[in-house]
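What follows is a pair of complexes built around chain A, which joins chain B in one and chain C in the other.
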Partner chain A sequence: MSFVTVNQLTRLFDLSEPWIVRTITGQKKRILTAVDCVNFQIEKGETYALVGESGSGKSTIAKMVAGLLMPTSGSVIIDNKNFNDANLEKASMNALRRKTQMVFQSPYASLNPRWKIGNIINEPIKAFGLIKDENDQHKRVIELLEQVGLSERDIKKYPHEFSGGQRQRISIARALASEPEIIICDEPTSALDVSVQAQVLNLLKDLQKNFSLTYLFISHDLAVISTMANNIGVLKEGVLVEQATPNDLFHKPQHDYTKMLLAAAPTLQNN
Partner chain B sequence: MIEPLLEIKNLSVSLKKRDNISVAVDDLSLNLYPGEILGLVGESGAGKSMTGSAILGLIESPLYISAGTISLQGRSIIEAPENIRGSQISMIFQDPLVSLNPLKTIGEQLIKTIKTHFNISKAEALDRSKKLLSDVGIDPERIEAYPHTFSGGMRQRVVIALALAPEPSVIIADEPTTALDVSVQAQILNLLKQLCTERGTSIILITHDMGVISETTDRVAVLYSGRLVEIGKTSDVLQRPQHPYTAGLVASTPNIDPSSFDKKLFQIPGAMPDIDDVPDGCAFHPRCEHARDKCQKHRPPLFDARVSCWLSEKPGGTL
Partner chain C sequence: MERFFRSDFFYHFRHAPVAIVSFVTIILIILAAIFANFIAPTNPFDPASLNLMNGFTPPLEANEFTGERFLLGTDDQGRDLFSTILYGLRISLFVGLMAVLLAMVMGVLLGLIAGFLGGWIDSVIMRFADIQMTFPSILVAMLIYGVARGILPPEVRYEMSIVVLIISIGLSEWVPFARTVRGSTLVEKEKEYVTAAKMIGLTRQQIMLRHILPNVLSPVLVIATITFALAIIAEATLSFLGVGVPSTKPSLGTLIRIGQDFLFSGEWWILLFPAVTLLALALSINLFGDWLRDILNPKLK
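What follows is the complex of A and B.
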């Protein structure tokens, strides 16, 4: 069995007017199918990338895999455990949450501006009770900072003192703090410049190798995905229209939508 | 030799903080020729948008233009930007969500813009608005619709229609497609290119996306830390970059290439300096693998009207 199995995952959103308005004006319910029967698997230590345009359901899937949003139907099974299993004991639920971490798109919005970097990175360690002793916690935070290319000096600084790329490194350090097995990266570099993007992508690759991490990588940028993914799923309006290895997807795209995305992506090579 | 439409000479934009003066745009010279698309590329903080604002006369205290001239068709526009701005030069902003007034229909906004610049009746302005909408690929029937009823790409088309309304000779497009999906981005870039050929409008395209530069522009200027480091024909600059920074930018741009999975992306070490902490000599030397003594002490001029790097001082001394 694969490390992550996403099975018939579906999420509906109810966009209807309130009941009373519907009754008076005779409107029907309006239901949006954001994610429609999506299936995929991720093997341990591999990267699965989801690509699609805005509104295609990428982030909704990310949230469901991270356990931040309940699926309407279907399931996400990580290491044989399911977030939405009512019978799951509290301890296994905590263990599952510890194993699953997320890196968000905007490094400007995902760090608390009033917290020092040390506290931000220490929070998962405290929350999961991984290290009890404060000195050991401090050492662990420094170790995490060094793993993402920052240093001990940064521990007392606030997020605003860092550039976008450095902030994204802090987000990654925070995600690593709970010793996760899968990290969900939701557009981790789309707010960054190309040169900084290259640094962050290389860092993610190194960490994957060192800690045998599994990534669910979400992006709208096919070029970024081609450097990161073992497998790619193309989403359109909540439906997984094509699923392939990068080689197949880029050389022999099957679905018209994939072909359109490939044609529209601006590249240096066409010049 | 064609006369440049817009000529920027030795432009400096400075920032005064108490007794400290830092320079955001440093001794920048650029020409924009009729009917061309000129790209401005660089990392955030390189001075791309600041240059755009300076051309439009939008520099506000504590920033000020400390040196240089900007002239349009031979007339200086630093002293009299109000007459020029809008009627001769238009701007398209990054975010189409915030650059339209949500309380007014797109028709009202277009008509108001047209009537500000031309002394014509409302009926004529309405006709022109409809014409503009159909030019940018929007059904003129939708003239009474509000901005929120349009998608992001459609809104950016409306913003382009607004920018075209005064019939400008120069359009400054500041990251016009950064907020859009790739497929919509391709449509908007094609629209800009098409307008450029049909109307002979010159466009300054500000972006950090090397792919967009490669597919859209005729010439490209690479900025680093407020300075021009390389300028030339887009294909030359991207295929045979002469400045190490340009080479780094090109190399760190990921390509759609399945074989790149096993390779690491090239990365330029370090980060761009703050504007109040620009190193002596060449601003790029702390990050440059080719840096020599000279690079630390003396600022390189623009050699061959192409590249500002001591490596290119002597002919044949390229990367």
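What follows is the complex of A and C.
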């Protein structure tokens, strides 16, 4: 069995007006199918990328894999555990939370502006009770900062003292703090400029190698995805229309929508 | 401290004469109230020190019976007005401060809960706030004051009157805090740092208090300043209407009420000096609050 199995995952959103308004105006219920029977697997230590235009359901899948949103039907099974299993006892729920972490799109909104960096990174360590001794916690925070290319000096600073790329490194350090096994990267580079994008992507790759992390990588940027993914799923209006390795996808796209996406991606051409 | 003097905030402060004047006035009034027992020549709350013969002495003139002189004159009981204003300021400021603290704690917590939890809890809290807003706050304060006086046994009414006053003013001013905090909470709770906190399994209370609360507090400071002025005026109004503090311990409002009785018989000073003090205090706090709002809100710059 794969490390992550997404099975017939479906999520509906009820966009209808309140009951009383519907009764008066005679409107019907409006249901949006954000994610429609999506299946995929991720092997341990590999990267699965979801690509698609905005509104295609990428982030909804990410939230359901992260256990932040209940699926309407279907399931997400991570290491044989399921966030929405009512029988799951509290300890294994906590263990599952610890194993699953997330890196967000906006490095400006993902760090609490009133907290010092040291506290931001230490929070998961405390919340999961990983290290009890305060000195050891401090050492661990420094170790994490160094792993993402920052230094001990940064521990007392606030988020606004850092650039976007540095903030994204802090986000990654925080995600690593709970010693996760899968990290969901929700467009981790789309808010950064291109030179910094490459640095963050390389950092993510190095960390994957060192800690055998599994990534679910969400992006709309095909260039980013081609360098990161072992497998790619193309989403269109909540339906997974094509799954392939990067090589196959870029050279032999099967679905019309994939061909359109590839054609729409801007490229630099040498004349 | 050095950082504060080099900050933008201090720079703007130095270049705003209105802010400087109002701030200095507030500080002077607060200091005068705190050190009233050193500044005031008499203790107006001590009935033994009062001499009824000194009643109605005009400012700076000698009393026709006792020959004593008073800086701002005396009232009908022979209380030195200058001392009474200083001691009255203490009561006004204390009641105002405590009422603002009560309104602030209540409004911030209810706004935070309404904004973060949403759903029917939000509807109940905010509709209640809307209903309360349709009544003038002084009316709400009088209602609460009346109910509280009715509930309390007669023998503790007298001691409890200041506490009752604080609660009734506090409960009538929480709505602006709740509305503002709810609005900012709705914005903050969608930010990714809140999602990150959910990812490590924090409870809703922990997320509200540790993560969202520190990020919604800056507008609260401005509202607190303006509400402080409102609370002082509300206390004066209630005391003026005779439902506030007992007349043996007069606040500014009580003094104005006493003065109003004698205004048309020519004893103008009993009304004028407390009224001017109240005006200076409320106006300074309002002007300073307005300036704070402008400076802390980048959209208005």
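One rule holds for everything that comes next: the second predicted complex is superposed on the first by the 268 of 271 C-alpha atoms of A that agree within 3 Å, B and C clash if a C-alpha of one lies under 4 Å from a C-alpha of the other, contacts with A are read in each partner's own complex, and residues count from 1 in each chain.
The definition used in the following text is that contacts are C-beta pairs under 8 Å (C-beta built on N, C-alpha and C of every residue); 3 or more make two chains touch, one makes a residue touch a chain.
Predicted model only: the values in this text are computed from it and were never measured.
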item: Which of chain B and chain C A:E123 touches, first, second, both or neither; value: second
item: Touching partner for A:A244 - first (chain B), second (chain C), both, neither; value: neither
item: First (chain B), second (chain C), both or neither touched by A:I218; value: neither
item: First (chain B), second (chain C), both or neither touched by A:S54; value: first
item: Contacts of A:T227 with chain B and chain C, given as first, second, both or neither; value: first
item: Which partner, chain B or chain C, touches more chain A residues; value: B
item: Partner chain(s) touched by A:S106 [first = chain B, second = chain C, both, neither]; value: second
item: Those residues of chain A which chain B touches in one complex and chain C touches in the other; value: none
item: Residues of chain C defined as touching chain A within the complex; value: 191-193, 195-202, 211, 214-215
item: Partner chain B, residues of chain A touching it in the complex; value: 53-54, 163-165, 193-199, 201-202, 205, 220-224, 226-230, 245-247, 249-251, 260-271
item: Chain A to chain C touching residues, read off their complex; value: 66, 68, 93-94, 97-98, 100-102, 104-106, 109-114, 123-124, 127-128, 171, 174, 178
item: Residue numbers on chain B that touch chain A, as the complex places them; value: 43-44, 152, 181-186, 189, 208-212, 214-216, 234-235, 238-239, 248-250, 252-258, 260-261, 263-268, 271
